[in-house]
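The same chain A turns up in both complexes below, where it pairs with chain B and then with chain C.
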Partner chain A sequence: MRETKYWTWHMFAGVIILILLGIHMITMHLSTLLGWFNPAGGDAIGWDNLLARATLFIYAVVYIVLLGAALYHGLYGFRTILFELGLKKGAQKFINILFIAAGICLFAFGTWAATKFYIIAQGA
Partner chain B sequence: MAKKIHKETDIVFHIRRYNPELDSKPLWKKYTVHVEPGMTVLDGLHQIRETQDASLSLRYSCRMGVCGSCGMLLNGRPSLACNTQILDITTKVLTVASLPNFDIIKDLVPDLTPLFEKHISTSPHIVRNDADEMLNPTGEFYQTPEELTRYLQFTYCIKCGLCMSACPTLATDPEYIGSQALPQAYRYNVDTRDDGFNLRKKIVGSTHGVFRCHYAGECSNVCPKGVDPARAIQLMKRELVLDYLKLKKHRAKSHICSKPEGVERIPEIPEAPPFTVEQK
Partner chain C sequence: MAEYKKYSNRLGITGWLAGGRWGIERYLYSLHRITGLGILLYFILHIFVTSSRVFSMDAWEKWMGFFGSPIFKFGEFLVFVAFAFHAVNGIRLFLIELGFAVGKAEEPIYPYKSSLNTQRPLMVVLMIVAIVLIAAGGYEFLGLTH
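Up next is the complex of A and B:
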């Protein structure tokens, strides 16, 4: 059942990435048309727009959720590729532990960075 | 694809020969066979054995695409030698080799032991919770034609191993349960007479189970009986995910049709023969 659980969350992570990357694409590339998260108008990566987005709590949450989903989805996919190389049980266990540890570390670092960025933006 | 010809011609068979007890590696040998329209690859191989090289080993039985014994790699495609006509797939040269993803016993004979071991591991039979009814049946299990249709195509599997030899996942992961056994597990899981889902999910949902399938679809492409194993594997993934999320619908179980009462047996219909094994 462990593999079923991993696969189910892999699918959920894929859907989350699809939605959040969609929002990212719209924000960055359809700015002049829709103006999502670009209150100053014009260029999406202009300083005013950047600052406006950075002060939004929801945007910090989106960053963290996207990071978590992308890390899980990517690491699970990489693990699947490695497992197909016919690894022994010990090697599989090592990869599981390594990937969980790496995932948690990267997620913690990314969350810290996103939170710090949000706090700095509040004071700007 | 080469243009099909409809007259007698000579075809060169390139056959991969290998005897694990004598050879360090497989080697290719050429045989020229006089082919008539309608001749199957199995006919051609028989002709080689009878007129050119009696040491060539191959496995066959029914000669009509039912037993699944003569699976081999014909011009790079896993096929049954008995239901593949030579002139349908070549006009000059035909390469013949043992099925990939299986060890070779000798020449064109693959070792299908892993197929049967994996097949058995998925409990490919009706599993029921009511042991009393199984031991002392009171009637037959009723099943609608619609319920039968859900698994019917998967019952056509002849265990020839072509699907497994075409599977890219099995090529890299020999422990992958594979495109033969997994659809058979699905076949019983969706059978309304069966209660074995919880037993099978431990095997089919394991590290080498359904979630290793990339949906390349080659298993369905080469199946000589028109079974769609790739579909069964994807449906099995869905079943497992719904079960994990506790969203799996409760399936109505087959009820037992009691034996008819108040009717007389037609005299022409003989009684069932006595049990050959002593009943406990």
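Up next is the complex of A and C:
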């Protein structure tokens, strides 16, 4: 039952990623065609565009939600692949602990970076 | 709590590529996993690289300059291809998981009909969508817009 719940979260994290990463991909890789969220023009990864996007509070929120959803979806998917190889209980437990710890550390680091840059952009 | 019998995964990872006479969906399953692992690896690196923006404009531009070389641009395009496929195939899996496009349940009367035949049009349509997305991304990545 618990695994079913984790699987359902994995699916719904996929839907969140589809929407938010879709926006991110369009912003970064179809910028010349569409020009969305790139007010300074030119390259989407240019510093001026980066600062302009970072001044929007919603952008910081989107990054953090996307970070959490993508880490959960990716690490749970990787865990599923490893578990299907028929690992012993001890190895499964080790992977659970390792992935939870890695997920929390990466989420904390990414959230710190998004928040800090939002603060920097407000002062720029 | 009910006990369930576990079966060994006899083929392991080799089953992803040469599992037998399965339909194309089996190979989409393998590709979904390969692209998923690739995207996860890229994503973890991406978290560290993009965090350089916090330190300074110079740090950011140094990293972006480093990843701006043609070989990394091509690598980035491969990530985009992986994302487009993984996302569209994920939509297919999500719909099927929720019971859409699988047809109605029927009594198993010989000659048996496979549900895969009912699902296949959805797969074909969504793979066309993936190809269109990849082509649009390639248009940008190959610099045809400049």
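Note that the second predicted complex is superposed on the first by the 120 of 124 C-alpha atoms of A that agree within 3 Å, B and C clash if a C-alpha of one lies under 4 Å from a C-alpha of the other, contacts with A are read in each partner's own complex, and residues count from 1 in each chain.
By our rule, contacts are C-beta pairs under 8 Å (C-beta built on N, C-alpha and C of every residue); 3 or more make two chains touch, one makes a residue touch a chain.
Keep in mind that what you see is a predicted model, and the values were worked out from it rather than measured.
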Give one word, clash or fit, describing how chain B and chain C relate on chain A after superposing. clash
A:L21 contacts which: chain B (first), chain C (second), both, neither? second
Determine, under the contact definition given at the top, whether A:A60 touches first (chain B), second (chain C), both, or neither. neither
One more residue to check, A:W47. First (chain B), second (chain C), both or neither? second
Does the superposition put A:L85 against chain B (first), chain C (second), both, or neither? both
Who does A:G74 touch here: chain B (first), chain C (second), both, or neither? second
Does chain C touch more residues of chain A than chain B does, or is it the other way round? C
Is A:M11 contacted by the first partner chain B, the second partner chain C, both or neither? both
Superposition clash, chain B versus chain C, among 42-50, 132-140 or 168-176: 168-176
Using the superposition described at the top, list the residues of chain A that contact chain B and also contact chain C. 11, 84-86
Under the definition above, what is the set of chain A residues touching chain C in their complex? 11, 14-15, 17-18, 21-22, 25, 29-33, 45, 47, 50, 67, 70-71, 74-75, 77-78, 81, 84-86, 106, 109-110, 113, 116-117, 120
Sites on chain A touched by chain B in the complex: 1, 3-8, 11, 80, 83-86, 92
Chain A-touching residues of chain B, taken from the complex the two chains share: 169, 172-175, 201-202, 205-207, 209, 211-212, 237, 240-241, 243-245
Spell out the residues on chain C that touch chain A in their complex, using ranges where they run on. 6, 8-9, 12-13, 33, 36-37, 39-40, 43-44, 47-48, 50-51, 53-54, 57, 60-61, 64, 80, 83, 87, 90-91, 94, 97, 136-137, 139-141, 145-146
